[in-house]
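A, B, C and D label the chains in the order they appear, each numbered from 1.
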Amino acid sequence: MSRKIRYGMIGGGRGAFIGGVHRIAASIDQQIELVCGAFSSDPQRSKDSGADFFLPAERCYANYEEMIRTEAALPADKRMDFVSIVTPNHLHFPAAKAALEAGFHVLSDKPATFNLAQAKELAGIVKATGKLYGVTYNYTGYPLMRQARQMIEEGKLGEIRKVVVEYPQGWLATMLENTGQKQAAWRVDPAICGAAGCMGDIGTHAINLAEYVTGLHIKELAADLTIFLAKEGRRLEDDGNVLLRFTNGAKGVLHSSQISIGCENNLSLRVYGSLGGIEWSQLDPNTMIVTSLDKPKQIYRTGLGYLGSAAGAATRTPSGHPEGYLEGFANIYRNFANHVRAVINGTTPNPLDMDYPTIEEGVAGMAFIEAVVASSANNAAWTPL
Amino acid sequence: MSRKIRYGMIGGGRGAFIGGVHRIAASIDQQIELVCGAFSSDPQRSKDSGADFFLPAERCYANYEEMIRTEAALPADKRMDFVSIVTPNHLHFPAAKAALEAGFHVLSDKPATFNLAQAKELAGIVKATGKLYGVTYNYTGYPLMRQARQMIEEGKLGEIRKVVVEYPQGWLATMLENTGQKQAAWRVDPAICGAAGCMGDIGTHAINLAEYVTGLHIKELAADLTIFLAKEGRRLEDDGNVLLRFTNGAKGVLHSSQISIGCENNLSLRVYGSLGGIEWSQLDPNTMIVTSLDKPKQIYRTGLGYLGSAAGAATRTPSGHPEGYLEGFANIYRNFANHVRAVINGTTPNPLDMDYPTIEEGVAGMAFIEAVVASSANNAAWTPL
Amino acid sequence: MSRKIRYGMIGGGRGAFIGGVHRIAASIDQQIELVCGAFSSDPQRSKDSGADFFLPAERCYANYEEMIRTEAALPADKRMDFVSIVTPNHLHFPAAKAALEAGFHVLSDKPATFNLAQAKELAGIVKATGKLYGVTYNYTGYPLMRQARQMIEEGKLGEIRKVVVEYPQGWLATMLENTGQKQAAWRVDPAICGAAGCMGDIGTHAINLAEYVTGLHIKELAADLTIFLAKEGRRLEDDGNVLLRFTNGAKGVLHSSQISIGCENNLSLRVYGSLGGIEWSQLDPNTMIVTSLDKPKQIYRTGLGYLGSAAGAATRTPSGHPEGYLEGFANIYRNFANHVRAVINGTTPNPLDMDYPTIEEGVAGMAFIEAVVASSANNAAWTPL
Amino acid sequence: MSRKIRYGMIGGGRGAFIGGVHRIAASIDQQIELVCGAFSSDPQRSKDSGADFFLPAERCYANYEEMIRTEAALPADKRMDFVSIVTPNHLHFPAAKAALEAGFHVLSDKPATFNLAQAKELAGIVKATGKLYGVTYNYTGYPLMRQARQMIEEGKLGEIRKVVVEYPQGWLATMLENTGQKQAAWRVDPAICGAAGCMGDIGTHAINLAEYVTGLHIKELAADLTIFLAKEGRRLEDDGNVLLRFTNGAKGVLHSSQISIGCENNLSLRVYGSLGGIEWSQLDPNTMIVTSLDKPKQIYRTGLGYLGSAAGAATRTPSGHPEGYLEGFANIYRNFANHVRAVINGTTPNPLDMDYPTIEEGVAGMAFIEAVVASSANNAAWTPL
């Protein structure tokens, strides 16, 4: 098959944030092509948005149902191969379900669904249809996070004991949602974003990254969530602190916030085992500190020859050329599209390409969200996952 | 009174760590003089240790009882003014009690006592004797921590919402206590150091600093302590994660560890209020990040003119001359000695000199230790302080 | 005009480095389309390289002359709009000349040409043909470098006094060129890369960035270049230190190296004026320190609201999503393509889009290279530019 | 000899800066005792200054001549052992000469003298009297600089190729000397501080450190010095850039400044050899980056077990307790005093104690100052040292 993989986008019209990120991520490697979209529930806005990327008007649909129906009817050599879902959370499930059942692969923004029940149902649909499903827990796409995972898999850090993962932000320290800021508005609306605010938007990224890197799973957690701007009218937590217990006996802490003024996307991960540790921050993603017993710390840097195969496959330039958020995100797209291509071609996918978050991580993310909400409602009682 | 303030030391003989720190802290400003000591329970070792500092043999005592008795009998112009206690924890209380009751002021290493009951008893003795008592929660001596406290007092950060305080170390990631390392040995022995390991040794520093800077008090906490080397025979926790609730409604996280390989004394503090935040790390103590709504972060640096009076009084050199742990520690000594001098002279102490941890902080530290231990024993149940 | 801007690439076949960077940079914003290429002097390699991006074989040419001739003969709605030149240095001039004279705009990798005489000739050709010409001094594409330029233009730093610009690398600390490493081989061959090694490859980037940000020009320089691996057979300098004097009286230092082991692309720029300064490092490109008289330093961060229009136009995501080398590079492509589009449409370009390096910077870069080489040959004598 | 080493201080009265630093440095280790001083040319100020440290009035002299004469006449068990000179530069030589010739050892602040001729004369006096002479190029006292020196001596970095040393400050970006700031006033007065401003005050520290760490000597240099505030009336350079050539063929750059706003004492040193490099900054003195061919960079930290004997001997606390400027300065004092003690005792000094700057470094510093001034006066001509 000598052509780009074709996708259609649901959501992501003018003024959206994450839709633009997905389109860049899809474009970087020049292996994926945007061929259609239902960018907005406003038909004209959908057309205008598509025109920004030179799509023909007839492939800029008024809604995802129309898009899926129409595309499914196109000849195989025109039809999109997969759907990218970048709507607010409450639409993730119906759009994914419709696409999968119409025979399209799906790559969805996170969280996978609006609630855990939907996620479990979606897992069944993925299994039943046999279509590919990915969810963009994109921080796992950073080369050094893949390096960390590989090192831990290989036992370089010994038995994992302690995990500290943080994701503080400060953008919601005031009632930004009352100022017409669209990104803020839907993220604080439980009817659109679901049972959790801060934890659903970013805490879930942090936990996904911690589990990805360590290969561990959370056994139970104790969460203390707070709505600091409750008096001002906010209804979902804008801060949370969580104790973590992992299945292997490791312990951890997660804290995440939207009211920590000055914090941007300060996702950071520290993991310590019986032989050493790793320390990484998303704001300087090409640097990872590696610690060992009785030796100087080492500074691992993206793009250098001493890194393993997983990091190497996730890097586009030699060391010294900072790669960032968009490239990490693009690694999810690249792997997913390569998997799609292998399926189309009937070939065995490259194992390195299989490294993207699937419905399994999607379900785990929803389980985490429901667990922190339940724990916090129960005065931080230990709650199993 | 035109002379140095005179002190005697209990503990701190050859091979000790914290005793040497106290002696340097006392010496830096050339206002305090070591005149005697009971440096070791081995009389010869006590004499040898004193000789290292050119003390006459007759003032190197075999035990603290002898020292207190003999010094008390000396004429006023020779007698020590205060006692510095730098023994392992289990001796803090009896030594402090004996000294206070013999009429000596006391500056003790932390924690104040072996357990909370002793601390409360000691508070009574301090009150009854009217002598000064200080406890070296030394991290409050850093100029920028005094700056942070002053800024928060002045309302620069608004209402405090979130506190993240950490103190990870890695030195006990293996059974160092089995290798003859004296510092490790007593710190893991519950008969000597008390009910907590990691939390008593360093977690208590972290909490003291958080309360000092914010002016807040912890209302309740939920602690999950772990002995990662329990199988190898360790009996006290070497790691702990704690959820914090402050009396004003602020929330927080404390995590502390002795098994986080590569961490030294990585004490750090982050505080966020409704108007801004501060971020500080002990490993780079002369830098503090100050955040504000919608403005660039600022880098506050020790020794610069825009700092307030509290930081200014705690600094010895202009900016660009890194001051460190020993100078911060010396700030506790300087303030305490200035207070002693004011008492001797019958003058009103400078309010800036009153900034050192007292028995109140000593009791609070012991209450914290007992609360984390109790909470953890109760599966991280919320435990009031 | 509702279509992507079309380009053909000269050079950049399989195994090349900078060609891939250009293709990503062109793709990120989905406004530019690769339609043809002369990727290699080996016709099969050119076809294979094009096939990696799904180009039809007939538009994968065996050499640039064929490409330019054939494309020029295509109908306007298929023909490429501009040429991207990513060959080694010695081919920049003939390729650019041929393209311009055939009516194509040109975006060339740096340095503009093999020597200064060619650069001046090329400037004449650009003028004569009226076609657009850009040269990818890509570090000017970083948002914070645009912010710095704007701040200096607006007088925020006062009169500029001191410039420190560095670009150390360590990759040529050994004779890598003897190991079959293709990138190393041509960069040390004076017949291919020109009169300078280190200074032509990276020193020229550093100087371009310093002049871009400050708006100043170098009046004269004194350069001390060294071939540290001369005994091993290297013929071009792998290190250089340069004193700089600017036309306004400012002074500066440039040092650049290929033998500073552990350095990657450690380009950094510091500029100090009478009112304040800026400090920036390419390895952490989303952070810039801004200094002012008697005030705390400030940390400017990409994507935040207090930045000016130039930085804003060069950013794709909100703060906290690290953008890097590829996005900065893409800013050059985006601006150039927007200018091309305006020319095609006959509209007035957005002034922000005019911010890309042109033949003027191309000539300046070659003049710098020849000046440092001449100065160093003359024992670091002051040499005018 | 069981007593502290006794010293008298020349200069350093109330309001001085460096005198206080010397006194702290002398006190930290409790092995040195201040017994007298000629703290000020104003006799009352001298007495008041001494009283701050509880000196008897009769040992607070009105001038250094009186002090040296009177002390020399005291019985051996009271007399000072050495003199510490902390006056402005123009008095260094006469005070040192007088002290040495009266039989006292001398530890002087830098630069050694007012000009090179004096330094050479002083070297003769040191030799003739057989007394010890040290000069407080204090940055060599940092543990990690001793580590770096040891590593280079042991060949760990291979043949040294490149040295980058900087010492920018910003405090004289305005005419601070006109505001009554005493530290500024004398440092810009050629009658008091000598032929150079910035280069004499701090550039000389930078060069001393570079030579100390590398073990190399400068063969020749080319300096471009500037008085940026010349129009405002300043008479000595406040900025300088210097090309360096070392005797072994290594090349380097020094830049130093007093007008780089926001810089404090930003002394930094980078050294690269054929096998690796070191990178260090005085503002974070307990961290040193060590680079090696093809391996991750390493972070060396003060106080850890993998450091060598030289660093170990220069450290007072375990890792994680930041030691700073005062402790580094104290290492010079400690070594000097230990050497004095060995001389008094007639014993062989510990080789590690011999590591302090002597008259040789004093002469080299003055030669550097005269060379940069001469070179700059000659339009940055290469000038031998």
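The criterion applied here is as follows: contacts are C-beta pairs under 8 Å (C-beta built on N, C-alpha and C of every residue); 3 or more make two chains touch, one makes a residue touch a chain.
Keep in mind the model is a prediction, meaning the values are calculated, not measured.
In this structure, the chain pairs B-C and C-D differ in their number of contacting C-beta pairs, and the larger number is found at C-D.
Of all chains, A has its CA centroid at the greatest distance from the CA centroid of chain D. Taking each chain's centre as the mean of its C-alpha atoms, chain A lies 34 Å from chain C. If you average the CA atoms of chain B and of chain C, the two centres end up 55 Å from each other. The mean-CA centres of chain C and chain D are about 44 angstrom from one another, to the nearest whole unit.
Counting partner chains per residue, chain C shows two or more touched chains at residues 289, 297, 301.
In the complex of the two chains, the chain D residues touching chain C come out as 161-162, 164, 166, 168, 170, 173-174, 222, 224, 226, 228, 239, 241, 243-245, 251-253, 255, 257, 259-263, 270, 272-277, 279, 289, 291-293, 297, 379-380, 382.
Those residues of chain B that touch chain D in the complex are listed here as 2-4, 17, 20-21, 23-24, 27-30, 34, 51, 53-54, 169, 263-266, 282-286, 301, 303, 316-327. Those residues of chain C whose C-beta lies close enough to touch chain B in the complex are 289-290, 294-301, 304-306.
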